[in-house]
Every structure is written in C-alpha cells, then in structure tokens.
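Just below sit the structures, each encoded as structure tokens.
Both complexes shown next keep subunit A, but they swap its partner, so subunit B is in the first and subunit C is in the second.
Then we have the complex of A and B:
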C-alpha cells in the first residue's frame, strides 16, 4: 500500500483537551498508511474568538499556516478539528474571493499570496482511502450510532464544498464500512453551542440536551463526532445536559477515528478511550445464534 | 440589488460600511425570518437575527445603536445555519462579526455579555503570547476577568486525571512571528481607518 502523504494541522485542542482525538487519529492513520506530516511551527488559527473580535486576524492567522504548509511542499492540509478546518477553509475562500482582504493580509504577513494548499477535514481524508478500511476490519463495530456532524464541517457550503449541507452522509458511510448501523435523525447538523462551553455553559446544556434526546429516542447507542468542540460539549458537559433532561442518558460520544480504530482491532489505550468523561461502554447484546457459514 | 445609503459620506451608515468592508448587502434581506426560525441562539437574544438586519436597513443612528448595544450580537454562536438557509444568501454571521467589532470599538458592548467578551479576549491574548492556545492559561485569565472563580471546578479534576488539562503552555509555534502578525494587523487596521 503506498503511503498517502498529507499536511497535518493538529490545532490547539488536539494538543490539550482533545488528546483522545489526536491519539486515535494517529493510530488509525498508521494502520491505513496515511503519512501525517505536521506543518512546521504552525500557529493557532484564532478559532471562533478570532473571527468574533478581529476579522483581519481571523484570515491572517490561518493563511500563515497554509503558507507554511506550502513552503513545506504540502499540497493538501488536513485539519481534524472542525473549527480549525472551517477557519482554514474560510480564510482560503476569502483570499480567493476578496481582493481587499487579500491585500490587507498580504501586508500583515509581508508576502504575496497565490494558490494555497487544499484544506481537508478528517472525514474527507478517510473517504479518500475508504477502500483500505473494510479489508482491515478485524472486529466489526456492531453498534447503532448517531453520526453528529455539527455546524462547521458542512457550513457554509460555498466555503466547505463538503457533503450535503442539511443531511450529510459521508461519516455514516465510514461507520457502515466498519460494520456499524447509523440512525436517521433530526440533529445531524444542529449546533452544540461550540465555544460557549466556558462562557455560557447553560446554552451548551440546552442545545446538547436536544441533540442527545433525539439520538436516544431513536435508539442510538453512541454519538459519533469529528470535532473536539462537539465532543467536549456532549461528553464533558453531560452533567449540564442531564440537568435539562427528564431521562438522564449515559450513552458515550466517540470520535469517528475511535470507531474505526476499534474495528481495526487497535488497542483501546492507543485510541484514548479512557479519557472520556462518559465511559465508553455499550449495552450487552443478546447472544446471537451462531452464524451459518 | 442596489442600495442607496442615506447617511453623509463623513459618517457612512453601518449598512454602507458592511457592504464595503464586509461585502454583505443588508439591503438584500427581505425579512422572511428564515434565519431567526433556525437560529439555535434566538432564545437567548433580545433582538431576533432578522430584526438585527432590519435595524441596519433603516440606516438611522438610533436603530444602529440598538443593534450595537444588543445582547444578540454576543449570543450569536457563529454556527452559519442562517446564511446556509437564507434565500438571499445574506451573510448574517459576517454582519454579526462586524457589529461585535464595532460595538467594542465604540465601547458600547452590552454589559450582560461581559463574560462572553472576556472569554474571547482571554483566548486571543493567550494566542498572542504563545502562538498557540494554552487552555489552562486562557481559563485562568477568563476567571480573573469575570470573577467566575468556582465555575467548572467540578469538571477540572476529572479533566486533569484523564490527561485533558495540560498544566504548561505548548512550545512549537514561532512566538515572535505570531506576535508580529498581531501587531501588524493592528497597524493595518488603524491605517485603513484614516
């Protein structure tokens, strides 16, 4: 299998509160022969706070990252954090469509900007190598799950150009490739409250409660995400969520890379499964009759 | 759609500036309310998202002031749902960014949003200092700014023991370079105002 080489932008949360995402991503990438080349000296993209308080910085910071990737000879950059992915893609889009912003960013970064590397999210990267996944499955992931995409992977369509905006399916396909079942539900792309986790955790509790309630009602045994903020808002903030729910829920929240890693038979520790707030466990299954070969 | 902006050129209206600086045409909004209907934060807002645009459409200082002092601009999460669904493709999240920045520049931000403003400032300060976000340092500054010392004390130990809370800032970024980007961005903005 030839290595797929791709620029890697970890972003700040994968170094800190979302180490489980980073660990599982690296384990799965290795198993699938994806070579993640970390962008040298990458800086923070500014995330939500950047675009909320300072538009120019919110474009300049991500473009600086993309220029470093280009200099390192990386035509594609994958950002596992959906918020980083969105900021990198938005910045790139603004450079391509707004000459005024481009000129300002050029004077901030003191360089001229032409073609920037392509920005990918983790689902797009895994989809590129999807045919490698199924043959490597050693232990089917036989759970029924709700794939939760949130806001920033899919919106706005003109920037991300990824999947169907209101009913995306690419993550569902990956889960199906490792033997899982996904539910049809209403909250695939509803917002979890994102960066309000610290300043307004009540908002996160209210929004998270609606998401969890629909998933549980439709018999999901876990939520699968591809974003550190979605993960922490539904996992770490489960206390606030349960306060708003009539029936408390303890279904776990997994990163898509953890789901694939489990199916590939990778050790739980390598997948960071012990770092979750809500323990990762599934209801025991009734013993199935032996399969007829 | 061409819009004719009422205010004199000495004080262009917010709508005129949004069109020029943000490439958002406030006049394109025909007040269908679809943005408000799908907004996850509408319940927390004092002025609905579509009404924020309506306030700008009149181009009167009184209405602009109402928009700038609204809590709504700080409760917007930036989830991009509204612009995705808007039949006129009005970039409302971009308008919200613009209004937040203008409210801070004029020092009229709604005080009920002090904690939200403090969070974003603490975040950017952390990045300006280290080139990357240092989560614990950011939360520390946020607590100092807001006085919310005991909030989240419950989850912090669990985060720590699960290895989710780093005690030290991350190296690896080019600090100097990032500090220069922040400094030059300030200078470029100042220049474009005169």
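Then we have the complex of A and C:
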C-alpha cells in the first residue's frame, strides 16, 4: 500500500482545545498509511475574526499557507478544523475566480500565484482512502450515531463543492464503512453557535440543546463530528445544553477519526478518548439470545 | 461614379451620447462616391424617413447608407423608404453604429473613428450593390400548432375561426394541459374546468381543426409558407372510431396501482386509462410500460370485455407527413421537482407538496373531491404554510428569474384553504408580493384582509419533522429579523416554473433560438414578442417565459393573428439574399466543376445537381444549382467552393473584400 502524502495544516485548535482530534487523526493516518506532512512555518488562517475585519487579510493569510505547502511540494493540503478548511478553501476559490483579488494578494505577498494546492477537509481525505478502511476493521463500531456536519464543512456549495449542501452524506458513508448505523435527523447542518462558545455561551447552550434533543430523541448513542468547534460546543458546553433542556443528556461526542480509530482497534489512549468532558461510553448491548438447543 | 447618400442617426442619446455624429457626417462627405451626408436625431421617425426619401430624389442618389442601429432592427424600414424614394431597396445598407459601437464603447475619439470606419465599409459595399428582386414563394395555408394546453387551444381556435385549417398536436392522450388540472383561477376564483372544457370541446368539433393527441412532431423541414411536418401518432392500441368511451376497460383492468399523472400521483389509475373524465378525446390509451399483456403476454381483459371490440393490441405508431405554412409553438412548462429542495426535505415528507398537488387537492374533480385532506393520513390540516419562491429568484440553487405566477396562485391557494377549512390558518412566507395585473393586488389584499391569511416576509431555511409534525423554520424580516418557527400540518411549495425537459431538443429540431433556461426566444423582446427568429414559427404561452392564463391567451391570439396575417397574402416574398452558382457561355457553362463540396456543407439541403445538356439531350456537364426556396443565405457554400463559382447575392465576395480593403 503506497503512502498518501498530504500537507497537514493543524491550525490553532488542533494544538490546543482539540488535541484529541489531532491525536486520533495521527493515529488513524498512520494506520491507513497516510503521510501527514506538517506545512513548514504555517501561519494563522484568520478564521472567525479575519474575514470580519479585512477582506484582503482574510484571503492573504490562507494563501500564504497554501504557497508554503506548494513550496514544500505538497499537491494537496488537509485542514482538519472546519473553520481552517473553510478559510483555505474560500481563499483558494477567490484566487481562482477573482483576478482583482488575486492581483491584490500577489502584491501584498510579493509573489506570483500559480496553481494552488487542493484543499481537503478530513472527510474528503478519508473518503479518498475509504477502500483501505474496511479491510482493516478489527472491531466493528456497532453504535447508532448522528453524523453532525455543522456549517463550515459543507457550505457555501460553490466553494466546497458538496452536492448535497443541506443534507450531506459523506460522513454517514464513512461511519457505515466501519459498521456503524447512522440516523436520519433534522439538524445535520444546523448552527452550533461556533465561536460564541467563548463570548456568549448561553447562545451555544440554546442552539446545542436543539441539536442534542433531536439526536437523543431519535435514539442516537453518540454524535459524530469533524470540527473542533462543533465538538467543544456539544461536549464542553454540555452543562449549558443540559440546563437549557432541563434534563441530563449523556451521549458522547466523537470525532470521525476517533470512530474509525476505535473500529481499527487502536488503543483508546492514542485516540484521545480520555480528554472528553462527556465520557465516551455506550449503553450495554442486550446479550444475544441463547442459542436454541 | 456613384452618387451615395449617408444618413447618420443620433438615436436620441443612444448614439450621439458616445459618438461625435457631426464628425462622422463630415468624414462621410470626404469618402469617394459620397455626394450627400446628413445627421438627424431620429432617422427612423417620419421626418427622418422623409429626409431620406427627398434626398434620393433631389440629389439623384443611387445608393444609401443609414448609419444607425442594427439591421435586425430597422433595415426593413429604411429599405422600404429607399424604395419609396425610387431606388432598389437592396441598394440601401445599414452601418450599425449603435450595437456595434456606441453601446459597447466609451465616449471618445476612438469610438468616433470606429463609427467612421463602419460607415466607410457600407459605402464601399453599397457601391457594389446590384438591384435585387425579392423571391416569391407560394404559401400552404394550413397551420401546425404544437401543444394542446390553453395556449395551443386558443391559437388553434383563432386560426381556424379566421378560416385556415389547423393541425393541433398534443403529446399526452388529452388536450387541456396544466389548466385542466387547476381548481379555481385567480383573480376571480372561477372554476378552471368550467371555462376550459367548453373550449376543448370546441376544438374537437371544429371542422377546420384536426386533432392529433398522443402524438409528437418528429421532424420539421422546409421554410416559412412551405414547411413539411412529420408527425408520429403513437399507438393508443385503441380503434378510436369504434371506441365509444364507455370506460368498461378502465374498470376491468387488473392493474390499478399506477400513480395518476393528472392527479399528480395523489390517486391511482389503471393501465388502460382516460387521463380525466372530461378528456378530449374521451378515448383511453394503453400504458405499455404497465400493461400486464405487454409485460407477460397474458391478460387481454380489456379486449374481452370491450363492448365495441375497439382494443387493438397490434396497432403500430403511424407516421404522417403534412404540408403546413406556419407553426405555433405552445408547448408549455413544467414546475421544478420538489426533490430539488434539500432544505425542505428533498421530497421525503409526504405533506410537503407543490402547487400542482395543492390544485388537485382543492379541485372538485380531484382525488378528495375538493375536501382539504393532506396526503400522508387524509387528516384535515389545521395549519398550512405556503413557501413562495421555492427555486425562483434563487441564483445559488434555483433559477434567477421570477416565475411570475406563484405570488398569485399562492394567494389563491391560501384563500381557497381558508374557505374550505374554517378555523384553519394559512401562513405565506414571501420575498415580495408581485401582483401586477388587473385586479391582482386587490385579490392578494382580499386574501389578507378578508380571509385572514398571514403573510410573513422572509425566507424559510428549513422544514423538518418533529414528533410527526412538520416544523417550518424561517425568519420574519419585518419584525427585526426574528427567527420564527411554525408547526404546520402541511407545507406547499410554490416551485419555480421551468421549460419542458425536451424544450432544448425541440428548439434544435425546429431551429428556434432559446435562452439559457431553455425557454424559446422571441425575435424581439418588445416589438416582436410572438415571433421567433425562424420565419413562420410563432410562440404562445409558457414555452417562451413563465406566464399566467390571461397573458397566455392574449399571446396565443397574437400568434394566431400573425399566422392569419401570413395566410392572408396570396404569396410570400422572401429576401433575395441567397447563394447563386454562376453560369457562363459555352463551352464553360459554369465555373462550377461539380465537386459538390457545397452540397455536403449546406445545412439546408438547398444544393441540387443540374445537368447541362446539348440539343440532343447529351449531358455535357453536371453543376450545382441553389434552390432559391430552401437557401437561407448563410454563405457556407461560398466559403467551401474551390473554384469561386458560388457567390452570395447582396454579400458578394467582391463586396466583402472591398469593405475590408477600405480600412
């Protein structure tokens, strides 16, 4: 099996609040022979504040990252954080579609921009190697889960190229590939409150409560995400969510990489499963009925 | 030496705002052969045309150049004027300094210089113009109307009542179209069937109308006045002469669970069926895909039980070829499928329906007899949400244009619902209410003020199901952009109007232009709204753009008048801009060597082979000949001719080279 070489852009969260995402991503990448090459001297993508303050900055920052990846000879770049992914993909799209923006960015970065590396999110990367996953499954992930995509992973369609922006299914396919069941539910792409997690956590409680309520009502045993923001809003802010719901919900929130890691039989510690606020445990399965003699 | 007059139009500000017309006039006077040049504010107006006419006489002009708009716009006007002035109309040329110059360039010296060049071209061309005589062709005074909806019905009736025979071709088993499916019509709430069905009967009984239902146009050859239409009459598997429409066959057919197209899938039909009881003709058709006999080779229940022995399992499609003089396209529209809308559930919720389904629910002839019962469980919905602009005016995921009819029919739907379900509540989410039309806005106000329909200005972001009930999540932009959530029992989407699936294919078959959305294009958006760019083919109704019934009927009558006008002429004159193969005295006869590359290149099959014989009838040479009736003057043959034996009248090689050499 040849190594898939891909540029790795950790961004700020994978080294801070979402170390569990980073750990599980690296563990799974190793198991699937994906060579994650960290982009040398990467800089901040601008994320939530950059594009609110200055349009040029919001494009120039990610483009600078992509140029560095290109210099390092990486044809594609994977940004696990959905906000990073969205900024990188948006900047790439703007360079491709707006000659004026391209000229401006070229002038501030004092370089000419040719073809930029392709930007991937973690789902797209895993989908690329999906045929490697099934043969390596040692322990089927036999849980019923709600795949939660959030907003930045799939939208806007013209940037991300998802064909089912309002009802994406790529993550559901990955979960199914490791033996999991996914539910059909209402809030796959609903807003979780994103960065309000810090500035107005009550808003996050209210938005997260709707998501959590529907998932629980439809018998999900866990929520699977691919975004650090989604994860912290549903995991770290569970207290606010439960307060809003006026009852306790205890289904865990897993990164897709953790789900795949579990199915590949990787040790829990390597997957960062101990770092969650809502403990990762699943209701015991009813014992199989005794064989009829 | 030529005596040419140049007439430069300001077109108000359109040209004079960008081009220095005085400088163009001055420059024109210096061009060799020009003896007169003048500019005027509106050359196409009466004083402008008189100026041109008088100058021809006074200055003894033998050629005229009008520097103004596109020849597509006013060439016929000025050629007529030139003819009135006493010169051959084909010695009047137009220099397009509006579309090709003033509209597309900034004001400046370069723009004026380009305008001067354009005038110079035409001066060089007109010097080499020869007098041409229009070609006269006979007209077949019979019309073909494609589409049997209200547009086609109206056009067919109007043409037939003006005295010309009509072939009305409809692809489905009955005429009537979308209008036959509607419940009531805005803004009067009169019943659609009550006003339509008498017209359908009139069509069937009219002595000059021949009805071809369950038929399609396969091919259209020829040109204005002389089309040849090939019509495929699909096999109904019924002898229409014997069938008396008793309906026993549909009752006895063992296959019963096929979604009924007329009721938009809200009820079922048999494999042999009449689309609806008021269908014209009231003759059934066998649905080959679902008939047990065609699937398994057994059954024939209908044949056994038919009292008039009208079932014909061995009936084949029939091909008929007819000569027609004009064609009216009235092929209608479709609505965007509900499963295009992921945010409204991709069509997965049974109670999220589109406007056509609602029409069937509200119709007295519908599956519920007009009682308001929702599709999932047949319960009466207590709260119905209507979403306007589902797909319309949505550049990202739908179509950018306004579908025009939805504001009105949504108001009608909400009103009908309020009338049928007392105590129920209809809520409409809208972007804008576009109710321009006679009594239209009054109608919408009536829905709001008298019937209590709630209008919420805002878009719906999502429809989802919670505890078995639909939840509509949207925003009220008039109340401080507050999010609103409404628990509804049924949701009706006013889905966008789109061109028919086969519109593009049909347009290509007929050589009719179409827009990016596959609606057929009119020859001029304002002044020639019912004509296409292909002479002799006219448009009626929603195949051209979204239209409501009054507009469709008006346009259909307009198209009919155009057809009647065409048929009122004893014969047709065509532009003599056609290719000709040269003829020389013996022993050359023609520069044509008979390679017939032109024959292969001609898109209109206008090149024929002509044998040049001596007195004894011996063939001396075979050369090409252009059929003047078929040639469209495209010039393809001219450019393929290796011996330069073909030339295009009015656009000869000599003229084109002279134009180019003048720069």
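Points worth noting:
The criterion applied here is as follows: the second predicted complex is superposed on the first by the 286 of 293 C-alpha atoms of A that agree within 3 Å, B and C clash if a C-alpha of one lies under 4 Å from a C-alpha of the other, contacts with A are read in each partner's own complex, and residues count from 1 in each chain.
Note that in this section a residue touches a chain if its C-beta (ideal position, glycine included) is under 8 Å from a C-beta of that chain, and two chains touch if they have at least 3 such contacts.
Quick caveat, the model's predicted, so the values are computed rather than measured.
By the touch criterion stated above, A:109 is placed in contact with subunit B alone, subunit C being left untouched.
Once the two complexes are overlaid on the shared chain, A:188 sits clear of subunit B and of subunit C alike. Number of subunit A residues touched is higher for B, counting subunit B against subunit C. Touch criterion met: A:151 reaches subunit B, while subunit C stays clear of it.
Of the two partner chains placed by superposition, A:70 touches none, neither subunit B nor subunit C.
In the superposition on chain A, contact of A:165 is made with both subunit B and subunit C. Of the two partner chains placed by the overlay, neither subunit B nor subunit C lies in contact with A:93. With both structures placed on the common chain, the touch criterion links A:231 to neither subunit B nor subunit C. Overlaid on A, the two complexes show subunit B and subunit C touching the same residues of subunit A, namely 156-157, 165, 190. Within the complex formed with subunit B, the residues of subunit A that make contact are 12-13, 15-20, 41-44, 46-58, 60-61, 64, 98, 100, 104, 107-110, 151-152, 155-157, 165, 189-191, 193-196, 198-201, 203, 206-207, 236, 239, 274-277. Only residues 156-158, 164-167, 186-187, 190, 214 of subunit A touch subunit C when the two sit together in their complex. Interface residues of subunit C facing subunit A in the complex, by the touch rule stated above, are 342-343, 346, 396-397, 462, 464-466, 471. On the subunit B side of its complex with subunit A, the touching residues are 21-23, 40-41, 43-44, 75, 77-81, 83-84, 97-98, 100-101, 104, 115-116, 118-121, 123-124, 127, 131-133, 135, 139, 142, 151-152, 154-155, 158-159, 162-166, 170, 172-174, 177-178, 181-182, 184-185, 188-189, 192.
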